[in-house]
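Listed after this line are the structures, all set down as structure tokens.
Next come two complexes built around chain A: one with chain B, the other with chain C.
Right after this comes the complex of A and B.
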């Protein structure tokens, strides 16, 4: 494929997909190890009411109010889950189920009640995202990468996702030791003076930020899939946290690239006419990778578990 | 308008939806209880999302065979098959790999749902506009429900309820103590799978009304609500069924009474309203009850400490203590003890001394374990035992008799 076609049509969605996948997979590693994997699921559900409320208050479909609304909803959800869990003495899974379904239902109701037919805001969009439409119309070829005028026409999602990814990497890198300690041995982490509660909350907030930024570009399916599938697959490959994080990044990139290509060109190879949902395909490929890792991964079994359960 | 809907006077279609939603609510509430007691509430999330590819494949298969593609029975059968596959994947991942259940749930739900979305876009590109309505399975769409659809929902709901009635004892046993159930010779794995099969049945039946994203709420919220009101599992099942049915009934009626009120979300929100009420108002486990209990305890502590202070002639500065003593008529407004106050204070001090003896005497070990500084000694020891302790304390000492 030539640069004239690839750069404007595929480069930006591909990059956004990769950035989103990696930004979600990094905190996902810790969430999976801490058995909080479904926080990602809960966050991606409550993003919808957050966005709707932000739209109702600000009256415009703009990035920043929506990001704020979504992040606010994520924080409200986390606080509510914690409150219900403690006040009602309910197991965390059920508390989570109560909160995210209710907030999602509230979001759908608000959406139906208000006149949003004139703007592009609907449930399907929230679920699938619009990765394919994030094209870079000003580009004419590889040379456009050094052309300031064309660069100004980049879809805003790309720099935003890139900044989010940098933020997530910084968070993981700076807090690597405390995160690792508190994930594996919370009691010990507390005795050496790490504020484990704060750290846990910070991890959830970083995950929420990654989820919200990624959600804006690629929809909530990728967010859930990338939080869980690459880290889970990486978990089958190694017993080292460093190795696991590296593998998860590799898996995230592979699923983003292969998913995007399969969605865009797969149907053409099979004789079809139109592309299928890239977000859905990326989630599917990440699932395939997880399946392969679960069947062939060198460290797939629980250590110490009976070989024949 | 609302009254008309509540009394099923709003026309054929609305009545069908209300009846269907009520039946669905009851069976979801009852089924969800076992899931909740087994602490696997979120497995339903994976199951419900895993229905999407099945719906799409069934649609495509029916279109390929020259059918309409929107036959509800066919779509539901497809969704049941793919939900079952998802469930088996989930079980395999948790049993045969090192993944914890929550990661396996998330993996299954996102991958199956993602694949379903891919298939949805494939169907959209198949053209012919016949896919209209498939998106309805995401959030449910009750508009244009047919008599045949309602019949499917009713039969499905009733069948699920009957199965639960048959299996409730082994399922309760497994939910509370799987090891014991295994020791009794029950096939725990198969019962678990059957439990999930019932959840799957409810999910499939509910796809049309509330959609696959919100059906989870009907399975989780009513049991959690019911759990606030009772400590007995059979009553939790009963109450949860009632709460679910009521939410389904009220929600469907409400949504029929005005435009732009989607059925599924309204049912979920009504259900959540029941939950919120229970969280605050339930006796025993509710927040309000806990606050009242705490305040009552606080008063007892203050009163007791106040009496001991009076008996030892110490001044009392704590305002709450003073107010409580004054209200009980034990001290006057200036803080001086009344006659009853003096008597009660002397008794409190003597009880404290009695407890001291009890706690140093190994013979009273069991009673001493109950000491918390508040318990009346008469509720723990017999009158003879107290008399015996009083003899050991003896009379006033150091005073010439």
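Right after this comes the complex of A and C.
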């Protein structure tokens, strides 16, 4: 494919897909190890009431109020999950299930009961986003990457997703040791002075921000898939956290790139006429990678499971 | 200050916190309605090995966790070497119950021991050769130097416990708190652990162990702390580890076989 075709039509959706996939996969590693992977699912559901409330308050469909509303809803959800888990003394998965279905239902109710008919929030958009539409029409070829005028026409999702990714990387890099320590051994982590509750909350909030940014750009299906599939597949490739995170990034990038290409050209190769949803195909690819890792991964047995009598 | 009356009727004076390695006053912890630990005072003797003893569910681990700030007490004061806990974290090493962590976690033996250097390394401090050398030395002391690169899930229970002890050694603390380090370990591990603990005592360190095997108390420890939600007795093994105090702590729950075994151990 020539630059004249690739740069305006495929470069930006591809990059946004990669950034979104990696931004979700990084915190996903810790969430999976903490048995909190469902939180990705929870966040992508509670985002709805947050966005609706943000719209009702601000009256505009703009990125910042939406993201603030979504992040606010995520924090409310996390606090509720913790409260229910402690007061009801039930396992976190059950608490998450109760909270996110309730909040999602509340969001739907709010959407139906208020005058939000102007909000573009249909199911398909929420699920699959519209990655393919995030094109860069001002670009004419590779040279446009150095052309300030063309760069001004970049889809706003690209810089936003990029900044989110940088934030997630910084969080993971700066707090790597406390994150690793408190994920492995929370009690010990507290005795050395790590504020594990605060750190756990920060992790979930960072995951929520990544989810909200990605949700806005590429839909919730990628968010849910990327929180779980690349980290889970990566866990079966290595027995070291550092390696697991590296593998998860590789798998996230492979999912994004091959999913995007397969969505665009796969049907043509098979003799079909239309392309399929890129977001859906990216999620599918990550699932395939997980399946392959589960069958062929070198570290797929649970060595730590109680086996010795 | 109120004088508390213990279960067997003797008045317990509440002494000042002092400079003890670990001093606890009026500590009450509750999970839900029922207190797990009720109004407990404890003063750990410096340079000694103290066993915390009591029946299952008596609050032994909870006492330790509350003293370390892992669980939040309803009330009570804790001081470590005469200062608040948060100022003294560098002087404390802790070995949690082995079953409290997920041994499937993707990490190697050496990485677990290096976690003991967290306070030294900080967030981004570079891991240098001397850090790794220290971790190796600690593994050596517990006889686990051949397992450096093993994934932790591939170890036996006793080996896992020794890795946990090596991590505590890497903390280079003055006060060592261990939660059931002998639970479910093989005889060789038990021997290795007790010899390391005794060497710590010889170096002037203070060791506190939540312990469940009454038969080894007199062999291993100088001091005991008997608890059954409330404090039952505290003192040297000779003073506080008697048929009377055990009866008070365990009530009818001490099996006949255990009593016989103890009678032998106590002479």
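Basically, the second predicted complex is superposed on the first by the 297 of 309 C-alpha atoms of A that agree within 3 Å, B and C clash if a C-alpha of one lies under 4 Å from a C-alpha of the other, contacts with A are read in each partner's own complex, and residues count from 1 in each chain.
Just so it is clear, a contact is a pair of C-beta atoms (placed from the backbone, for glycine too) under 8 Å apart; a residue touches a chain by one contact, two chains touch by 3 or more.
This one's a predicted model, so the numbers in the text were calculated from it and none came from an experiment.
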Which superposed partner A:187 touches (first chain B, second chain C, both, neither): second
Chain B versus chain C as contact partner of A:164, first or second or both or neither: neither
Chain B versus chain C as contact partner of A:89, first or second or both or neither: both
Touching partner for A:32 - first (chain B), second (chain C), both, neither: first
Partner chain in contact with A:244 - chain B first, chain C second, else both or neither: second
Which superposed partner A:235 touches (first chain B, second chain C, both, neither): both
Winner by number of chain A residues touched, once chain B and chain C are compared: B
Partner chain(s) touched by A:174 [first = chain B, second = chain C, both, neither]: second
Contact residues common to both interfaces of chain A (with chain B and with chain C): 89, 235, 299, 302-303, 305
Sites on chain A touched by chain C in the complex: 33, 89, 174-178, 180-181, 183-185, 187-188, 190-194, 235, 238-241, 243-244, 299, 302-305, 308
Interface residues, chain B side, partner chain A - complex: 36, 39-42, 44-45, 93, 95-100, 102-107, 109-118, 120-122, 125, 135, 138-139, 213-214, 216-217, 220-221, 223-224, 227-228, 260-262, 264-266, 268-269, 272, 275, 279, 285, 287, 290
Contacting residues of chain C [partner chain A, same complex]: 32, 65, 68-70, 86, 89, 92, 94, 96, 100-108, 111-112, 115, 118-119, 121, 123-124, 151-154, 156-157, 167, 171
For the chain A and chain B complex, residues of the former touching the latter: 32, 35-38, 40-41, 45, 84, 87-91, 93-98, 101-102, 104-106, 108-109, 112-113, 123-124, 127-128, 221-222, 224-225, 227-229, 231-232, 235-236, 263, 267, 272-277, 279-284, 286-287, 290, 294, 297, 299-303, 305, 309
